[in-house]
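Okay, so chain A shows up in both of these, paired with chain B first and chain C after.
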Partner chain A sequence: MVGPGSEVVLEIEALRIHYEMQAATIRAVDGVDLKVRGNEVLGLAGESGSGKSTLALGVLRLLRPPGRVVEGRVRFGDVDLLALEERDLRALRWRQFAYIPQGSMSALNPVMRLRSQFADTLAAHGERMQPAAMQERFTEVLHGVGLEADILPRYPHELSGGMRQRVCIALALLLGPRLIIADEPTSALDVISQRVVLETLAAARQAIGASMLLIGHDLALLAQVTDRLGVMYAGRIVELGATGQLFANARHPYTQRLISSIPDLHDRRTISSDAPEAEAQWLLEGPLQEVSAGHFVRPWQTAGETAS
Partner chain B sequence: MSADLLELRGIHKSFSRGFRKRVDALQGVDLRVSAGEARIITIAGESGSGKSTLGMLALGFLAPDAGEVRFRGQDVGQLRGRSLREFRRSVQAIFQNPFSAFNPFYPVDHVLRLTLRNFAPQQDRAGVEASISEALSALHLDPAAILGKHPHQLSGGQLQRVMLARAFLLRPELIIADEPVSMIDASLRAVVLANMLELKERHGISQLYITHDLSTARQISDRILILYRGRVVEAGSMDHVLDAPQHPYTQLLIQAIPQPDPTKRWQAPLDWQRGEAAAETAEMDGGCPFYSRCPQRMDRCLAAVPPLYATPANTQAACYLHEPESTSTA
Partner chain C sequence: MNPRYIGRRLATFLLTIFVASTLNFAITRLTPQDPIAALLGRMASRGRTVEDGGEIVARYRERLGLDAPLAQQYVSYLRDLLQGDLGYSLAFFPIKAEAVILRALPWTLGLLSLATLLAFAIGNLLGALAVWPRVPAGFRWLVYLSMPFSAIPYYLLALILVYVFALNWSLFPLGGSFTVGSDRGLNLETLADLLHHAALPVLSVVLAVVGFWALSMRGIMATVLGDDYLIYARARGLRSRRIFSHYAMRNAMLPQVTALAIDFGRLISGQVLVEIIFNYPGVGWVLYNALRAADFFVIQGVTLFMVFTVAVATLLLDLVYPLLDPRIRYQS
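Take a look at the complex of A and B:
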C-alpha cells in the first residue's frame, strides 16, 4: 500500500470568499491555508455555515454571485486555478480534478440513459474514443465502484439512491483525475448504503492513487477514511493534524466539543442539559500555530471573556 | 380494561401513488405505550421504512386501513368534542425542521401564546407570562434570551427546545418526536436530547423517538422497535437490541455505523447482498422483506413473512433463524 506522499497536489493560500449582499457582507471563507498532498485523503469537518462547501466551490471556480473570491491563490500543480482562463480551466476539470457534490445522485439527467451520460462526460472534456474502447473504459470504472456494465442502458430512476451515488463516483473517476473533491458524498443515504458507498469511494480512489479532499459534518465517518483532518469554524480552520492525532489530542475547544458531542452507540453516557457552553462562541485570533509536528491550532478566546 | 396510554394494534397503511400503484407503508405493526412509568421508545428505520407514518397514525393525523389506534382504550378515530381535545392536549408532536415550525414574521413567543390561547383561554395575562417562563425554564432556556426574538435569531437547537417548551406548556403525557435532532448541528444535539431525557425523568412524559440514528437513540431510550419496509423486524429493550442484535438487518445496521475513533476503522467491506432483481421479486410474492439483502438468507424465507420470535438475547426478531425447533418441521 502506498501512503500519502510529500508532493503537494493542491495548495490553498490565504483564501477569502465573501457573499456580498446589500444588507451585509458574509465572510464565508475568512483566510484559509491548506495543502492537499499526493495520494492522501484530507478531511474537512465543520457544521452548517462553517464555510466548508463554499471553500470547495471557490477552489473549483464554481461560485455563483453574490459569492466572490476576494483574495487568495489556489495552486494546482504549477498553475493558479483562480487566474486561469475559462478555456484552460475546462481542460483541467474532470481530467485533472473531479467534483462529487452533495446529493449528486440527483445531478444525473433523468431523461438520459446512463450510457449517454458517460459518453457525454467524455465528449465534454474532449476525449475521443472508439465505441469498443469506450465500453471497456465504462466497464472498468463501473467495476471500480462495484457495479456491472449492464446498468448502462438504464435510466437513473431505475437505480437505488446508493447505486446512483456510485454511478456519480464512477463518472468522477472516468478520466482518472489526480484530485477528487467530494462534498458530503453520502449524506443523503441510509446508514448501510453510506458505508458501502464510502468504502467504494475510498477503494476506487486508492486504486488510481488520486488525492481526495473529503468534506463532511460527520466526524465519525471522517475518522474512518481520512489521513489528515482539518476542522472549520466561522470560515477559518481552527485545527489541523493527522486524524489519529486530532482525535487523541484535540486542543481547540471547538474540536473538543465536536468530538465529545458524537453519541457513542456502545455506551450510554450521561448527557448534560447545561446549555451555556453549547451556545458559546469563539473569537479566533492570529494564525495557526504548530503545537507538535504537523498539528496546528488557532488561538482563541470565548466571546464572553472579551465582553468586559 | 386497558392500562395502555396509547396502543396501536395490527396497523396496516397504504398510500396510492399514481394510477394503480400502491406503497404499503405499514404492514401489521403493533406498539404499546403503557400508562404507568414514563418511557422513551425509539422507532428506528431508514427512509421508507414507515417510521414517520407510524408517528402520524399515533397522532391521529392519519387513519389506519386496518388495525386500531387506541388512546386510553378509546378508538382515536371516534374521539369527538371534549375527549378529542383531551387527546390533542395529551399527545404532542415535535418535527424534524425547527426552522419551518415558526412563522418568520412573529417572535417565537407567538407560538407559545397561541397554544395557551387555544388550550387555556381562561388564563389572564400574568398567568400566561408565568406559564411561558416556567416552560422555558424547565428546558433550561433563559426567557430573557428567547422571548421577543425572531426565529432567525436563534439556533436550530434553541428553536427545537422552544418547540419542546411549547409541548411542555400543556403537560402532555406523550410526545411524538419525529427526527427532532437530525437537522441540528452535532454540537447542539446533546442539549436537546438531554431535555428529552429530563422531560421523561423529572416530568414523567413518555416519548416516541422516531429516528434513523441509533447512536442518539441509545443515549435516551428504554425500548426500541426496528422497522424495515413497514414491518417490525426486531424489538426489545435498548441495551439488549444494540448489544446483541439478533436480526440480520439489525446486525448490518449496527456494523454500518462508523465509530468515532480512527483506531477502530472498518476492516473488511460490509457483508451484504446486493439486491438482485430476482430476489426482490421473491419478496413481492410474500417472502421476508429483507431477503434480497440478507447475508444469511435461506429458501425457507421465500415462503412466508417470518413472525416475531423470542430470541435468546431477550429480544423479539422476525427471522426464521429464531424459529423454535419444535415448529420448524411444519
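Take a look at the complex of A and C:
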C-alpha cells in the first residue's frame, strides 16, 4: 500500500464563498485553507450548514447563484481553477477531478439509460471507442464497485439507492482522475449500506491511486477511510490533523463535541450546545496554529480558558 | 409496452367516440328545427315558391329516414356511421356529407399540424433558451415579446395579419388555399404557392399560442436547471449543447407533451375561426357554411371529426408517453 505522497494535488487558499441574497449575505465558506496531497484521503467533517458542501461546489466551480466565490484561490496542480476559461475547465473536469454528488439518488438523468450516461461522459472527453471496447471499459469500472454490466441498459429508477451510489462511484473512476471530491456520498443510505459503499469507494480510489476529498458529517464513518481529517464549523476549519491524532488529542471544543456525539450505547449526546453563548467564542480571528506536527487548531475562547 | 394497457386505452378511445356519436345524434334530434322545412323555408324566402311543400317535406323525410321512430333512427345512424356514411349534404344534395368533409380534410390537417408543430417547437425552444445561462440577455426579451400575442384571440390576430400583410402590403394573398386557375401538380411551384397561401393562417395560430408554450417552458426549465442531474452532468464535463438538448430540454419537455394533448381541443376550435377568416377550404370553413345553410348532416359530421381528432391525438400521446418517460409504467 502506497501512503500519501508529498506533492500537493489540490490547494485551497483563503477561499470565501458567499450567498448574496436581498435580505442577507450568508458567508458559507469564510476563509478556508486546505491542501490535498497525492494519494491522500482528506476528510472534511461538520454539521449541516457548516459550509462543507458549498466548499466542494465552489472548488468544482459548480456553484449556482446566489452562491459566489468572493475571494481566494483554488490551485489544481499548477493551474488556478477559479481563473480558468470555461472550455479549459471542461477539459479538466472528470479526466483530472471527478465528483461524487451528495444527492446521488437524483444525480442520474431519470429518462436516460445508464449506458448513455456512461457513454456521454466518455464522448464529452473525446474518447471515441468501438462499442465492444466501450462495453469492456464500463464493465471494468462497474466490477470495481461490485456491480455487473447487466445494469447498463437500465434506467436509474430501476436500481436501489445503494446501486445508484455505486454507479456514481463507477462513473467517477471512468477516466481515472487524479482527484475525487465526494460530497457525503453515503448520506442517503441506511447504516449498513453506508459502510459497505464507503469501503467500496475507498478500495476503488486506492486502486487508481487518486487523492480524495471526502466530505461527511459522520466522524466515525470518516475515521475509517481518511488519512487526515479537518473539522469545519461556521464556514471555517477549526481543527485539522492526522485522523488518529485528531481523535486521540482533539483540542478545539467543537471537535471534542463532535467526537463525543458519536453514538454510544451508554451515552447519547447531541452537538447542539448546552451553553449557546459559549459557541460565540469558538471562532477567534487569526490563523490556524500548529499544536503538534501536522495538527492545526483555530484559536477559541470559552468561559474558563483562552487557548489554542 | 404492456399490451393490457394498450387494450384498455383503446377501449377508452372507442367509448369516447361512441358517447360523442350518441350525443351528436341526440342533440340534433332534440333541436326543434326541421332541416327539410328549414331548407324549403329558405328557398321560399328567396322568392321561389315551392308547390306542394308538405308532400316534398314528407318525401324527403322518408328518403332520409327521418320519419322512423327515434330508436330505429339511432340504430341506423350508428350502422351508417360504422360504414363511414354520414348522410346527405342538404346544401350539396346529392353529394354525401362525408365527401364534403373528406375534401376539406387534407387542408385542415395540413394547416393544423404545421401550425401546432411550429408553435410547439418555437415556443419550447424560446422558453428553454430564455433561462439557459450563456444566452444573450437580449434574447430573453423575445419571450416577453411573444406574450402579448397570446392575449389576443385567434380571429382578431388573423384579421390584423390580413389587414397588414395582405391588404396593406399585399405580401400574402387575402385568402384561399391556392391560386385559382394555376396548374397544380407535384412540383416546387405548387408547394410554394400552397405555403404562400398557408403562411398567414399558420402565422396567426402560431403567434397566438407560441407565448403560452414559451412561458410554461421557461418555468419548467428554471426548475430543471437546479436539478441534481444537471449539475452532475456539468461536473462530468459534458458539452453545454449536449446538456441542453439531452438533459435539460429532454426532461423539461415531458410536462409540455402532456399539455399539448390537453390543449389540442382548443387548437382545433381556434383553427375553425382562422379558416373562416382566410376562406381556407378546410373543415372549419365547411362547418361555417354548413351552419349558415343548416346543413345538419355536415354539421354532425364536422363535430364528429373534431371529437375524433382530439381523441386520436390524445390516444397517440398516451401511447407514446411511456416511451418518452420510462418512469411511467402503465400497470394494469
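Here is the rule we go by: the second predicted complex is superposed on the first by the 284 of 308 C-alpha atoms of A that agree within 3 Å, B and C clash if a C-alpha of one lies under 4 Å from a C-alpha of the other, contacts with A are read in each partner's own complex, and residues count from 1 in each chain.
Heads up, the rule we're going with is that a contact is a pair of C-beta atoms (placed from the backbone, for glycine too) under 8 Å apart; a residue touches a chain by one contact, two chains touch by 3 or more.
This one's a predicted model, so the numbers in the text were calculated from it and none came from an experiment.
Engineer: Output check: A:244 vs chain B and chain C. Expected answer is one of first, second, both, neither. What do you get?
Structural biologist: first
Engineer: Just to be sure I read the superposition right, which of the two partners does A:224 touch: chain B = first, chain C = second, or both, or neither?
Structural biologist: First partner only.
Engineer: If we overlay the two complexes on their shared chain A, which of chain B and chain C does A:155 touch? Say first, second, both or neither.
Structural biologist: second
Engineer: Pick one for A:120: touches chain B only (first), chain C only (second), both, or neither.
Structural biologist: After superposing on A, A:120 lies in contact with chain C but is clear of chain B.
Engineer: Once the shared chain is lined up, is A:21 touching chain B (first), chain C (second), both, or neither of them?
Structural biologist: In the superposed model, A:21 contacts neither chain B nor chain C.
Engineer: Per the contact definition in the header, classify A:191: touching chain B only (first), chain C only (second), both, or neither.
Structural biologist: The answer is first: A:191 touches chain B but not chain C.
Engineer: Per the overlay, which chain contacts more chain A residues, chain B or chain C?
Structural biologist: Counting residues of chain A touched by each partner, the higher count goes to B.
Engineer: Considering only the touch criterion stated at the top, classify A:283 as touching first (chain B), second (chain C), both, or neither.
Structural biologist: Neither chain B nor chain C is touched by A:283.
Engineer: On the A-aligned overlay, A:95 touches which partner chain: chain B = first, chain C = second, or both, or neither?
Structural biologist: second
Engineer: Where on chain A do chain B and chain C both make contact?
Structural biologist: none
Engineer: Mind pulling up the chain A residues that touch chain C in the complex?
Structural biologist: Counting only chain A, the residues touching chain C are 60, 62, 64, 90-95, 98-99, 101, 103, 106-112, 120-121, 123-125, 155, 157, 168, 171.
Engineer: Under the touch definition given earlier, write down the residues of chain C that touch chain A in their complex.
Structural biologist: On the chain C side, the touching residues are 225-229, 231-239, 242, 246-247, 250-251, 254, 324-327.
Engineer: Within the complex, which stretch of chain A touches chain B?
Structural biologist: Interface residues on chain A, with respect to chain B: 47-48, 146, 160, 190-192, 194-196, 199, 217-221, 223-225, 243-244, 247, 254, 257-259, 261-269, 271-275, 278-279.
Engineer: Given the complex with chain A, which residues does chain B contribute to the contact?
Structural biologist: Per the stated touch rule, the residues are 46-47, 140-141, 155, 157-158, 185-191, 193-195, 197-198, 212-216, 218-220, 239, 242-243, 252-263, 265-266, 269-270, 272, 274-275, 293.
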